[in-house]
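Letters A, B, C and D mark the chains as written, and numbering starts fresh at 1 in each.
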């Protein structure tokens, strides 16, 4: 772990650890992956203007969010089927987030009953994929509330399944269908076969989608195909208002990119939004969240605006906060950590980012993330592109 | 076919199937190929701003054009000598378009009598290359009308032959002269030699240009050279007005890039224009149609403005429609499909694009192509370049 | 020759023909070669907006310049020591220009007496490198006038020698000092050794700079070093006014990049200027002429503004003319031709450009270069970079 | 030395001379090295507009700074632990600067007592790294004054240590801890082992940080780790005002990037600022000094504004002076020279830059650096990037 100096190091290590098809599933973006690239290049537009000779001996990145204080402004985005990357992935991720005291959002496409994960990290958030069927949403909301969860995230940018060609080529799909290619890929990573795949089958059986609805869903490994996303395409703002009525906790809408939709979310009674293009995995060509952020913040100045997609460095986080985000989430960085070393790896990923934030706050001359603002940024014309 | 997930896949497959000189003819652009590249990079300037929580369970890309309803807003651009890519290429292309119910424009440089192709797809359009000689145009128009064709496209961006150096280097020319290089290239693709070349010679004899004028033209394989484009350089707006008088059907001018010429076309009585730089095959350095489009749409808001050149993805189509185009055409994508698997391949190419349009309409939150507008786009500064 | 389809082809062929040190001398730019690259990339900023349906059956690129009609708007820039590239280079170049009827500017750093070259092409121009010593300039002007030359070009962007590291590394210098490296390089190109080097020594002896002053200069091959540029650094506008008084013919100042200097040139009585950064061989980082051109044309609308540096295609020429240049010159393209096939090669280079101009005038829909204007250009945001 | 035609040549040579870990320490930047790249690419935004026909036979780059006349406007930035690059590095550097008569700033992280270095170059400047402890600063200031030093530079952009991953990977740290990797690297450069490492140990013993405080600091080679930067994070403008009161000589603040901080520096009584991002070694993503420069010059027009970071060519220096800088400093270029050939190498680096400045002043048509202004620059759209 000590040799993993950056998220990029973890990414390289994950590549060696995971079967190609699973690694491809994690890393891939939609179609030509232009949003995936834009998510990274969007950060380069902004340069820092550091302010020295400010006392930065005490620095703080502690951030309050929905009435709770977190150790840092970077939490874990919801990601499906983490159990393919690591034995007991969902709980491991939850424990990691709990250990470093940041939010963890359990994906609706997860394979561990949310109640079990919530007992590992009672403060965790839950992300639901909901169809436009109130008879389905209602019981799910009750189940989530019964589990003691206080923050519900509804992801709205997956009305239907996008196509990630890298997955199709690798024979990967959710649910997973067993193909020769997939099996061969697994055999090339014997450690993963033993530690993750075999151990899961032996100790837990074939994982099922446990949290799409109020009741257990189908298995993630199957010989036939099917779309667990059915019904989601009809979901609309009316449904969100109904969800708002049913759900007593905090409500967050994930997948907002237009200022008008941030207003819609506020008007629908949401407590916050996550500006996200789903890590470049849905609509290819969708604007990078870091580019969409400023006008959204301007549109709903009083709302809790969070953001994810493409964050790999503490400095990326600082730029988003300076542009008005209240909180940042990361997906793949935590997944890389998880794949490499389970809970310990995910903790390492989060701590790397925290360390980078801490360090760069000092170098920026802004001792507290709360003090960040656009005044620390310069819209740059010099191009120092990340290689 | 199922392994062909994108137009790029078809392109790669076509490369393996066609003799290098023919592949070079299809793929190539003029001189330094800067327009060819700009046709692609022009799309990157625009990012999507998706709008979730809109009911997208029913989506429609059906589009009315000149009083007919098509299954999608993507038709097939006219391309010459398709018979070099596949046995009976013209009819195969026509049948493919008919099968998926989109417009097909038979090229004036085609080698199957237009009457025969029109009987394969009665609704097809015909594209004429016309010289400034009314005694030549007149009979051609009568022939086209007699064949029952309702839409006539006049291509105006080939006043003379451009130079595609890749073709010259490969010993390729239209008409085709037999050279050692050409023959060697053919031998390296035995399947093409048998299925396309030999079969054509045996079953149909040496192909001739059948549709340049009212009567049959010269053979496409010859030992001497000659320019079938003679006389075209003098063609001017006056001629177009005369054509308008003669032709009772719909009249479309293909190869417009300046807003003033869109106005000229409207004033000359044309029913529509195709904004096109001929796929980067004519004037190298000519503006990319996607870049020229907005000001043209603004200049002739009531006209049917169509566009081609560089479209490879459903998202490219969505961008053009959002910028005001009524319809999109593709050239090479259909040709790749044809080269790989004949009619079935061309159908596959068109269906791929339809599938991508359908999927991405959902992800964009715009259930109907008719609802697309500039509001879904953001002029982007982040660069997520297609690799 | 027929296989040489573009200037780029000639460049590749020249590389194979010339000893590396000489090729390096021709192709190289100053320091980091940023101006050299900018000279090319500057063209990409402009896209063409072609205008079809204009009668382009008769096209003309004939251009009047200083009262003489030339076959095309592209002449040959002055280049020193062409005799290193080809036997009797200066006369071969002159004959080539005469053959295609375009201006040829004999370099002041040439090794054939200007009288001899002028008898090969009586209409040729002469370019002088002058020191700020009137006792040197006066007699030179008289000599030039006595030779019947009507146009005098004074190059002003070489006040002192720039450093082209590629030359230093190759052991190349002017005058040429014999080094082991140089000799080895020559041996690797035996054809050049025989046809150019040996033939020159045998038939003409060691070449001398013949035209720096009114009398013969030093030999170009020497065992010692020295700077023939001495005294040039003091040259100033006062001297130019004095030159103007002495010289009765047309006076052109080469190496202007600032609008104010174009005004200065006009006020000093010059008949024309050549906007040039010396092909990127002098001040590295100097603005590309194609970028400097518009503001210069705007500053001296009534003056004959010519341009060189980086022109490799007919379309480059069209862009410059559209931006207001009256005439274009090329250096290296002619030199590549000369190196590859002597007079015939230089003719080929010029004809390639003429052919491209002719072809692209047709495709642009502008039958006469005189009709070109900014209306045919669009300042482009799509990037279709020359590879 | 004569084969070293540019700073880039020296860099390549240094790479061959130094153990990888030390070379990595010198060349590296923080995190993704985006500021390191931006430091170079920032220069490309500006093109020169040269002005010929100005008498440039006598050129001057002599520059007065704080009442002293220097031979050129390029001095040596402070760099720590030069003794790792060359035996007796600090004194060698000082002597080099003295020889060519430019300022040399001895780093506070140096390993030769400042008194000794000052006796090698009495006019040298001293750069202090100061903690916010007046009991530490006071005696240091007295010591510096007692050594007869007249200019004190306080570096303010290292409140804490940044992370340069290249160093961590190489097992490099300051103080240096002996690791297998480090030793192996040293063995691969036997010449360095003998001439630098062994010679230092034998003749001078293990180097210690001599100038962090008024008394000797710890050794630079140690088996344990520790941070000599402790206490610096609390340093603030109040401390600077106190320093100003204590220090009678010239006071320069190094590491300013915001116009407001330039004002703060002036208000705190500083005599000058060095606009710097520490060569891209501290906050990654910090704006390039060449980009920050213009607004800083505008903010404090009467102050002595100096600049460093990324200067590698004489033309870079000319651009900075034209944008309003009074003086330029270089770090790595001098270090490369030092590593390659000690004092002689550092002299060579400085002379290379002086020669380039001299040459390019002539080519620019501005005989005196004092005459440089923005009028010689053009904000360029053509991209001629350094390869």
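One rule holds in what follows: a contact is a pair of C-beta atoms (placed from the backbone, for glycine too) under 8 Å apart; a residue touches a chain by one contact, two chains touch by 3 or more.
Since the model is a prediction, treat every value here as computed from it, not as a measurement.
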TODO: Have a look at where subunit A meets subunit B and say same if over half of the interface residue numbers show up on both copies, different if under half do.
DONE: different
Open item on the list: As a quick test, compute the distance in whole Å between the mean CA positions of subunit C and subunit D.
Closed with: 42
TODO: Report the inter-chain centroid distance for subunit A and subunit C in whole angstrom, where each centroid is the mean of the CA atoms.
DONE: 60
TODO: Spell out, as numbers or ranges, the residues of subunit A touching 2 or more other chains.
DONE: none
Open item on the list: On the basis of the stated criterion, which chains touch which? Give every pair.
Closed with: A-B, A-D, B-C, C-D
TODO: Using the touch definition up top, name the residues of subunit C that touch subunit B in the complex.
DONE: 5-6, 43-44, 46-57, 313, 315, 319, 356, 359-360, 362-365, 378, 380-387
Open item on the list: Using the touch definition from the top, list the residues of subunit B that touch subunit C in their complex.
Closed with: 31-39, 41-42, 45, 132, 156-157, 159-160, 162-163, 165, 168-169, 231, 233-237, 239-240, 253, 255-258, 260-261, 264, 277, 282-288, 290-292
